[in-house]
Each structure stands twice: as structure tokens, then as C-alpha cells.
Amino acid sequence: MEPIRSRAIPPRTGDEVSPLDKRIIEHLQQDGRRPFTQIAAELGVSEAAVRARTSRLIERGILQIVGVTDPLKLGFHQMAMVGVRCDGDKLIEAAEQIAELPEVSYAVITAGPYDVLVEAVCEDNEALLSFLADRLRHIPGVRDTEAFVYLRIVKETYQWGTR
Amino acid sequence: MEPIRSRAIPPRTGDEVSPLDKRIIEHLQQDGRRPFTQIAAELGVSEAAVRARTSRLIERGILQIVGVTDPLKLGFHQMAMVGVRCDGDKLIEAAEQIAELPEVSYAVITAGPYDVLVEAVCEDNEALLSFLADRLRHIPGVRDTEAFVYLRIVKETYQWGTR
Amino acid sequence: MEPIRSRAIPPRTGDEVSPLDKRIIEHLQQDGRRPFTQIAAELGVSEAAVRARTSRLIERGILQIVGVTDPLKLGFHQMAMVGVRCDGDKLIEAAEQIAELPEVSYAVITAGPYDVLVEAVCEDNEALLSFLADRLRHIPGVRDTEAFVYLRIVKETYQWGTR
Amino acid sequence: MEPIRSRAIPPRTGDEVSPLDKRIIEHLQQDGRRPFTQIAAELGVSEAAVRARTSRLIERGILQIVGVTDPLKLGFHQMAMVGVRCDGDKLIEAAEQIAELPEVSYAVITAGPYDVLVEAVCEDNEALLSFLADRLRHIPGVRDTEAFVYLRIVKETYQWGTR
Amino acid sequence: MEPIRSRAIPPRTGDEVSPLDKRIIEHLQQDGRRPFTQIAAELGVSEAAVRARTSRLIERGILQIVGVTDPLKLGFHQMAMVGVRCDGDKLIEAAEQIAELPEVSYAVITAGPYDVLVEAVCEDNEALLSFLADRLRHIPGVRDTEAFVYLRIVKETYQWGTR
Amino acid sequence: MEPIRSRAIPPRTGDEVSPLDKRIIEHLQQDGRRPFTQIAAELGVSEAAVRARTSRLIERGILQIVGVTDPLKLGFHQMAMVGVRCDGDKLIEAAEQIAELPEVSYAVITAGPYDVLVEAVCEDNEALLSFLADRLRHIPGVRDTEAFVYLRIVKETYQWGTR
Amino acid sequence: MEPIRSRAIPPRTGDEVSPLDKRIIEHLQQDGRRPFTQIAAELGVSEAAVRARTSRLIERGILQIVGVTDPLKLGFHQMAMVGVRCDGDKLIEAAEQIAELPEVSYAVITAGPYDVLVEAVCEDNEALLSFLADRLRHIPGVRDTEAFVYLRIVKETYQWGTR
Amino acid sequence: MEPIRSRAIPPRTGDEVSPLDKRIIEHLQQDGRRPFTQIAAELGVSEAAVRARTSRLIERGILQIVGVTDPLKLGFHQMAMVGVRCDGDKLIEAAEQIAELPEVSYAVITAGPYDVLVEAVCEDNEALLSFLADRLRHIPGVRDTEAFVYLRIVKETYQWGTR
């Protein structure tokens, strides 16, 4: 008989974000360039503390502060979520190659009818077709694709996991 | 006979982002808090120019600089893309109510088999069930839902439309 | 026991299109305004015969001569085939109301998973959404819709049934 | 880092169709052979202007004037929209070969569950089977097909994009 | 705790069909009007035995001898298998009403995505549409239908269970 | 340009079944062994006429008189309709091989999501599995199968096309 | 702005199962009635220790020792997994009522196309139909059901989580 | 012509479970280690009778007494039912190899859209992905998989066939 296995669960790190950390994150979610002096004043701590904690949150990979652009304003008028089905044994390799395509802003392996969900950002329908037919479907292991064209983005927030 | 209509197409604004604007955006995509003096030095322009152009890009809605957090690091271990089908005549109203749910980080109306695609960020399976059964499916006009649980996020970039 | 029924099949009219009729149709498929004198000369018959036969083909509904426009050239950049499913007992009524919507260029009742296939011609994604959400799905008896956005039209011929 | 790209959008030509052009198109949509003198009289312009503008609309590909036949009246009793799924990397090549089959009146590459939607016009069920099994499915890259048989055409207009 | 139930299985009657019965059935499957004297001679039994056993097989519902007609030869050119989905609690009632429609030659309740599979025999596409839209879908409890039009019948045998 | 083709439609033979023929068919649908003398007496014609017309209907393939057995009464307890999808170019060959399997009572090529619908009559679940896994799916060109197990046969009539 | 929430994760109890506990579980998985003296001898501990640890594992809900019966041997010949879809806002209530039906051995709420997966154990096809049509589909909130009939159980182990 | 076959049905053994057997089973379903003396006293029979009948039920494969563990309590937090589709001719071989994977607690071949339904018990999403991508989909003959992640187990009983 096989020996019983039970998995050593690593300590979860989520709880280690202190209440003060969270207040700082909230400020930076509102404005990524808000001066540390202003945040420090509002939270009643020193600027050095805000600066140090922010650096530490970034180092630990909990926070990043980034410039996010609006694709529509830059001439990318056709976006789609693309459901991809892969050949049996090529799932992870294919997903990694998909992620390298420049039109792909987002790629996630999912349980369910699609193996990979891919968000593509394209200029227009011809560019979307070119992405699908000339690039995505030429990746080894990609069997078929089904694109859900975006009609309107209703919500998009960069504050995941902090509500 | 109906009169011929043809639509007055508004001028597209995408082209108005100058090459210098784009170089500034690239810097801020790498680090949202990079000092303007450093960007100015690298691009060979004045700090005032960088500051002014950045402000203008933000005002025009082309750019935002935000703190983005990693849900896994904050204790949110179960994410899913949820395909939602709505009753015939309630699509837009339902999509707007869905967008107000706190678990929803992303909601988009699509052409295709799902009326709305919704990304949900939850602590665990029970929280995902609670989101689906107690909140999402109680919104008037939501007929059924199908959740694609995330197994692994392979790519996630905040640089849409600027590749 | 029910009496045996067998259906009186009406004589099919397809065979009544004479070889000369077909030659005339071929000319008009190439150019709907080709002068009858030119067609007559090429076919070795009188202009009166060409004119009379053309009129008769039009009267019988076999032929129409129409101006056909290219939607893309007139600013309509988003087309889709929309599969519509209707409530049980409202199929034909719904199909007829769908046909009256101005965005609809084509509507056909089909056997299969969709009750009605509808071609819609729209300016852009917002107009397509408005067509789907504000008009199509408000027609009584329309239960749900699934849009297949056109990426490229590969063939389009107005010569049905005469190949 | 990749340089930022933004696409030079070509000027849209839709707006260049003048109001007078549109009035002429409307006349020709009603009757493709309406004499230019009659159109000129109704619009209050010279026959030469109508003739010149019509020629120009045809040259620019905005308008064509064609004889359109009714397949049912010519003995073609079975029509179907056929959803085609292609092998990963053969989509465009397959679509182009499909378009060359004589039974195909219409072929469009779509986003969604079917790669290509194809309208086929056939004499009867045996001819439709022969089209599907002996021709369409022998094209390299065609993986499977699903035919939606037409039960009734409810609307068919040749006035796309001019409503 | 609930008491244990176990089901009293009725004795199966299949085994009670004797080898002689089966030989008689085989003869009648080939020609339903073959004279009993001929069958008796070939099987080496009396005509009375063949007659008596045939009557008994018919009485027991094991055999029926019927005239079967070819729908195509009688002017019924469009047949379809129709998958029917019913409202939750109306399955059996709906199936029984479906069975009473004259176009229905066959109706079976199945496990799987369709609640009832229905074979319909119709003159042409308009008659099939009328069957679907005006009769089948007006039966209370019928929610939606999906017709698989027959292209060619490849095999049809009336010898079920006796191969 | 391709020459116009139009198909010579063969005269339909359905109308050639006379009213007397139909009355005879009705009698034989009720009881395939009803004596011709009895039918003749009820219809007011000679026995020779009934006999001759019946022979002629059988020769023309319009009618067959057959013994039909009830599979359940012969120990075949598990029936299923099986939807079969075939590889692109093997549809008709596969369908013909399927038709030769002894468990298959019915096979039809259809338009729609399944290429071939197959009715199988089996003793029990193990026999159905053996049919699917060991025979049906080993036929070259059969790609996948989906079985709809019968729960109850609600209607089964052998009087197609004569209602 | 909403305050940042992060979830207090309860300590996971899985790790608290000691290696000795696991060895005891392994013995009882092989034979639920194995005498504690025998287990104690093989593991080199006292019978009292085995008895006490077993009681504690049962109290904590980690282990149960039960008689499991084979449905086929008790006359239940038709089993199915049933995918259930529920009305929007009745998911959990419906699942709980489903769980009370005696034919149901297993019920689980899932992400994906089915809201609830239900294993049903029935005597035969008529009993399965009765379960589906007369009981399952009469539960308020059950919209439709799709049964996957079992053809063969290939593996069934009661040793979850201890492999 | 093929000879008529009819299947020799083996005597069903379900009825051979006596009422006393069933009462004993009921006791052991409640507690698999209940002392035989206690059961004997409650049922008014000798301990030897209870012991002998229990042994006989186990020998005949009708009953097994096993330790069943709760996967959640042992650190296995992600379970899923996985629908597997196999290549045409590899169904049974693939199912048997699937059954050997340690994550698989249950595997059943079904009629319907999935060839095999597999229950997998995994520690977390990464382990589920590894199971799907690295093991399940590398089994020869497995074509694609679709996982339905468990959100909540509502019912789980080990008393199949004895309700």
C-alpha cells in the first residue's frame, strides 16, 4: 500500500500585511505618485516609514506602481478574450508561448472548457484575424480558438485583493 | 424609402500621442514613481516638459499611475473568469450592477456565447460560491453563470496598447 | 384511422427558365446596366426580345437588378452574424419583427441550434452593442443572442442559383 | 523594452460620399436600370452629373449594379449556413479554397465558435450532402462542419450600409 | 434510519422465446405475408404450429406484422430528428402530447442534453417549419427545439433485437 | 464566366399512388396479413386487383410488409441514439460501415452538430459500452461519439408518410 | 474608498495528523474491523494508544468507519451522474433539496457549466426517468438536467486524501 | 440471414439478500465497528449468526467495511470532477490508465458528451494543474479534459443501493 501523504502547507503570507501597510497601499491605489510626505501626514507616521514600507511591499511582490494606458486612446480598437484549447500534452508549453505574443495582455490557464484564456489587444478586425490565424494558431499545441470580441468594458480595477 | 444615413466618424485621437509622450509612458510603465528628473535626463528634455506631458496624458485619460497589488499575496487564493448570460432585455443594466460587486475586478460585455465576462477575486472556494450564489446570481437579469477557475496566471501586463 | 394524405406537389417552375433567359441573366449579373442592344447583339437576338424576357424574369421574381453598396466604404465597420434563440411559441412573429430592424440586412429561420440567423451591419462595437441590447433583445420572444463578429468577408456573390 | 507602437489610422472614406451621391444610390437601389434622365429630373441635376457620379461610385467600389436571381425560382431548393472549424494553422488558406466552391454564395471568417461561416445553395438534400462530404470536407484544413438548413428566408436586402 | 429497500425484479420474459419461435420470426422478417404452409415446410413442423405460435407472439406483443411505407415515395421529402428540451416539471406530459402530432413517427425520452428525441416526417422545409413553430413549440412545457435535418438514410431495419 | 446550370428535376413519383392504392396501404398498415379477399370486400374491388396493386407497391419500393419485433421483449434492455462525428473526408464511407454493425437498427446522415445519428439496440450497459468502444469507435473515420440512452419510447409508428 | 480587507486564515488542521495517526488510518482503510490489538502489534504501540487515536480521528471528523454496499449487487442496475442547472438565485436551496432525495448518493456544487453534479443510483431506466422527471425536476429552482448514464465503474476508492 | 440471438440473462443475485442481512448492513452503515454482540442483541439473533452473515456479505462483494477519510481535513483543498474525451479507439485502455493515477478517487465510463468522468483530489490549484497537464493529459488516448472544480460537497453517502 502507498504510504499516506499529507502536504506541508507553507505559512500563508497574506496576514503579514499590517494595517499600516494597507493604508499606504490604499493611498497609492488612488494615485501612484502621491508624495510620501503627504501620505505620512495623513497617516500620522514619518515619511521614512512610508518610504520604507512601500519599498518593502514592492520587494515582497505585494505591490507594484505602474503606468497603465488606455488601449482605445492609443488606437487599439478591437479587443477580445480568446478561449484556447490545446492538444492533450502541450498545455503548459503552449500557454507560455502564447504569453510571449505582443498582442497578449493577459493569459491564464483555467479549469473548464477552455485550457487558456487570452486577452488580445488589436487595432482592428484585420489585426485580430492576423493575430489569431497567423500567430496564435501557429503555436505548437494550440488546437482551436474561439474569440469573444469586446463590445464595452464596464469595469476595470487595479485594486485586486485589497477591497 | 428610408434616407441614406452615414455616420460622422469622430477624429481618432490615438495619433495625437507624440513620440515623446510615448517615451515618457515607457518609463512610467517600468516604474510609476521614477523621478521626472531622471526621465528628463534620459530623454534629453526638461523636467518641466516631462511633468507637463505626464499631467496632460493623465488628464486626457490615456495614462494612469496606480498601485497594483497581487491578490495571492493578500490572501485571495481563488480567482475565476465568470461567463454570465442575461435575460433578453436586461443586458446593460445587469452588467452595470455586476460591476459594482466588490469581488469583481473586471467586467466586459462581449459578443459571443456569454453576454458578460467577469473576473472575480475571492479568498477560497466557499467565498467564490458565496459570490456566485448569493450576490452575482441575485442581480436582476442575470440568468445563468459559468465559472472558469484560474489554475495559473501566465501573463499579466499593464501595458496594453503600447507594445 | 386517419385517411392517407399525399401532397399535391405544384409543378416546379425552375425548368421554365429557357437557355436564352439564362444567357441574358449571365450578362446582367456581370453588369446590371449593360445596354439591351449590346446583349442582343452578343446573343444574336433582337433587342425587343432581350427587353421583353428581362421584364418577364423580373415580373416572375426570378431576377432583380439592384444597386448594391459596400458597407465598409460607407462607414459601417462592424458586421456580425447573430444567432437568435426564441421562446417556444414566438418564433415566426419574432423573426418578422427582427427583419424590420434597420441594421438587419439578412434574416433566415433555420433548423439547428439557432432559431434565426441575422446579419447585422453596424458602424462600430458600440453600435453593435446598442443593436443587440437595446433593439434585438427587446423584441418579444427573443430569448438570447450570440453574435459572431466578422473578421473578413472572403466571398460574396449575387449570383445564387445560377452558377 | 519594446518600443511603443501606435498605428497610423488611414482616413476613413465613408464620409466622402456626398449627399447627392447618396440620393443617386437610393434611386439605383430601387431599380438598378432606372434611366439617368429620370434620376436627374427627380434630383434636379443634369443627367451628365448623375452618370459621372454613378461611374465614380462604381470605380471606387462603393456601388455595383447587378442582376440578382432567386435560387428557389431556379430549382435550388436547399440552402444552408455552414459553420466550419479549421485546423489550427490553416484558417485563411482553407477559407480561400472554400470560397472557390461553386455552391458557396457567401463566406466570412468570424470570431467565435466557427472559424468560417459559409452559405451554400443546393438543389436538394443529396446535393447538400455531396457538397459537404465530397467537396467542403475534402479541402485541406477543414476539420468539421455543421450545417444550419434554411427553413425560410425572412429578409434579404441589398442595401447594406445605406439605411 | 430508512429501511433498506431492494427491488423485486420481475422475471424477464426474453428467454421464453423458443428457438422455433425465433425461426418463425426470421421468416416473417423477410416477408410478412409468407404463407404459413411454406414456413412450416421449411422448418419441418405443422402449419397449425406455425399459425398458433405466430398468433401467440403477436398477442404477447413480441411481434407485429405491418405494412411499412417509404415516406420519400409518398411525397414527404424533408425528415428531421428534433431534440426537444422541456421545462423542468413537464417532461412526461410534454412527451405524450408530442407523440400525438401527426408528423411525429418516433418519440423517445432520453438521458442527455435533449429531453425528448422526435423524428418528424414532412413534405418540405415550409412544412417542417410549420411543424416546429406552429405545433411542436406550442405544446405546453416545450422550451426549445433543435432540428437535425436528414440528408440520407443509410440503414433502416425492422428487425430490432433479433439480429 | 461559368455557364448557368439549372437542374432537370425528375418527375416526382409520389402523386402516382392512386386513392385505391392508399386505401389498400391503410389496411395493410393495420394488419400486414389481412386477407386480400377481406380487403377487396371492404373496398368493393376484386381480390385480384388488391393482390396486383399490393405487388406493384412492393415492387416499386413504396410498401414492404414485415415482421417487426419488440427489442425489450427479446432481452435487449438498453437502447441509445448515438451522435457520431467523423473526420473531415470520411463521412460517407464511415456511415456505410456503421450501418453494417449488427447492433445498429437505424443510421442517418444529418446536417447539424452530429454527422451521423445511429440507433443501437443492446442487451445492457456492458453491451452498449462494447458496441461503442470496441466496434463503433474502431471504424476508420469515426472521431467521437455521444450516446443518448433511451429512458422510455413514447411513440413508434410504421406508417410514415401516410398520415 | 473601501477599506482594505484581508482575510484571517484559520490555521489549517491537516498537518496535525501525526505519522502514527496515518499508519492507523492505513490499516483501517484496508479493513475497517481489523482488531486494534493486531494494529497495535504491527505498529509497535499499545492497543490503548490505537483505540484512543482512532476515537480522536473519528471525533475530529477526519475518519469514519462505515459499511459500504455495492449497488449492483443489491439490484440497482442504472446509475448516472446528473448535471443540474438552477435558476439564478436558487442554487444553494435547490442543492440542499436535491441532497435529500433518496436516489442521490452524492451531490456537489461546482464551478462550470453545471451548477450541481448529482450521482443517482436507480434500479433501471424507468426508475431513472421517474427520479429525473417526477422528483429532481420538480424541486423549485431546478431548471434543467442532463444525465450521463454510467456504462462501467473503473475505479472507486474510499481513501481520499490519504494516497 | 443471421440467426436470431437472444441473451441468456444470468439470475440476478440482488434478491438473495435476506431481510436479516439488510438489518445487519444497516447497523454497519451507521458504525462499521459496532460490536456483533450489540447487533445480535438488537436483532434478536445469535452473535455467531451476525458474524457469519457479515463475513458472507463481504465474501460475496455486497459489503465492505472501510475507513473513509475527509480529504479537506488532510490538507487536500481542491477537488474536481474532470470530463475526459478520448480518441476514438482508445477509450477503455485510457480509462484503465486514468484509474491508476493516485489523485483519482473515482473513474467511470459514461454515455454522453464525456467518455470518462474522473474525480480528482488535489492539494491546491497548482497540484490540480499538474495533475491535468502533466499526468492525465499525457495518457495515450486522452484527447481533452474539462474540469468542474468543486465549490461545496452537499451530500456524500456510503449507503448506495440500500436506501
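Here the chain labels run A, B, C, D, E, F, G and H in written order, and each chain numbers its own residues starting at 1.
Just so we're on the same page, a contact is a pair of C-beta atoms (placed from the backbone, for glycine too) under 8 Å apart; a residue touches a chain by one contact, two chains touch by 3 or more.
Model, not experiment: these values are computed from the prediction.
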{"item": "Shortest chain-hopping distance from subunit C out to subunit G", "value": "2"}
{"item": "Pair exhibiting more inter-chain C-beta contacts, A-B or E-H", "value": "A-B"}
{"item": "Chain centre separation (subunit A, subunit G; CA means) in Å", "value": "36"}
{"item": "Whole-Å separation of chain centres (CA-atom averages), subunit A against subunit C", "value": "46"}
{"item": "For subunit B paired with subunit C, centre-to-centre distance based on mean C-alpha positions, whole Å", "value": "40"}
{"item": "Centre-of-Cα separation between subunit H and subunit G, whole angstrom", "value": "10"}
{"item": "Residue list for subunit H, restricted to those that touch at least two other chains", "value": "2, 4, 6-7, 9, 12, 14-15, 17, 25, 29, 74-76, 80, 102, 109, 111-113, 128-129, 132, 143, 146-152, 161-163"}
{"item": "Parts of subunit G lying in touch with subunit B, wherever the complex brings them together", "value": "2, 6-7, 9, 85, 88-89, 91-92, 109, 111-113, 115, 143"}
{"item": "Complex interface listing, subunit A residues touching subunit G", "value": "1-9, 12, 14-15, 17, 22-23, 25-26, 29-30, 111-113, 161-163"}
{"item": "Complex contacts: residues of subunit A adjacent to subunit B", "value": "12-15, 17, 25, 27-29, 31-33, 60-76, 80-81, 95-96, 98-99, 102-114, 116-117, 121, 146-163"}
{"item": "Subunit G residues touching subunit F - in the complex, by the definition given at the top", "value": "77-78, 124-126, 128-129, 132, 147, 149-152"}
{"item": "In the complex with subunit B, residue positions of subunit C that touch it", "value": "74-76, 80, 102, 123, 127-129, 132-134, 137-138, 142-149"}
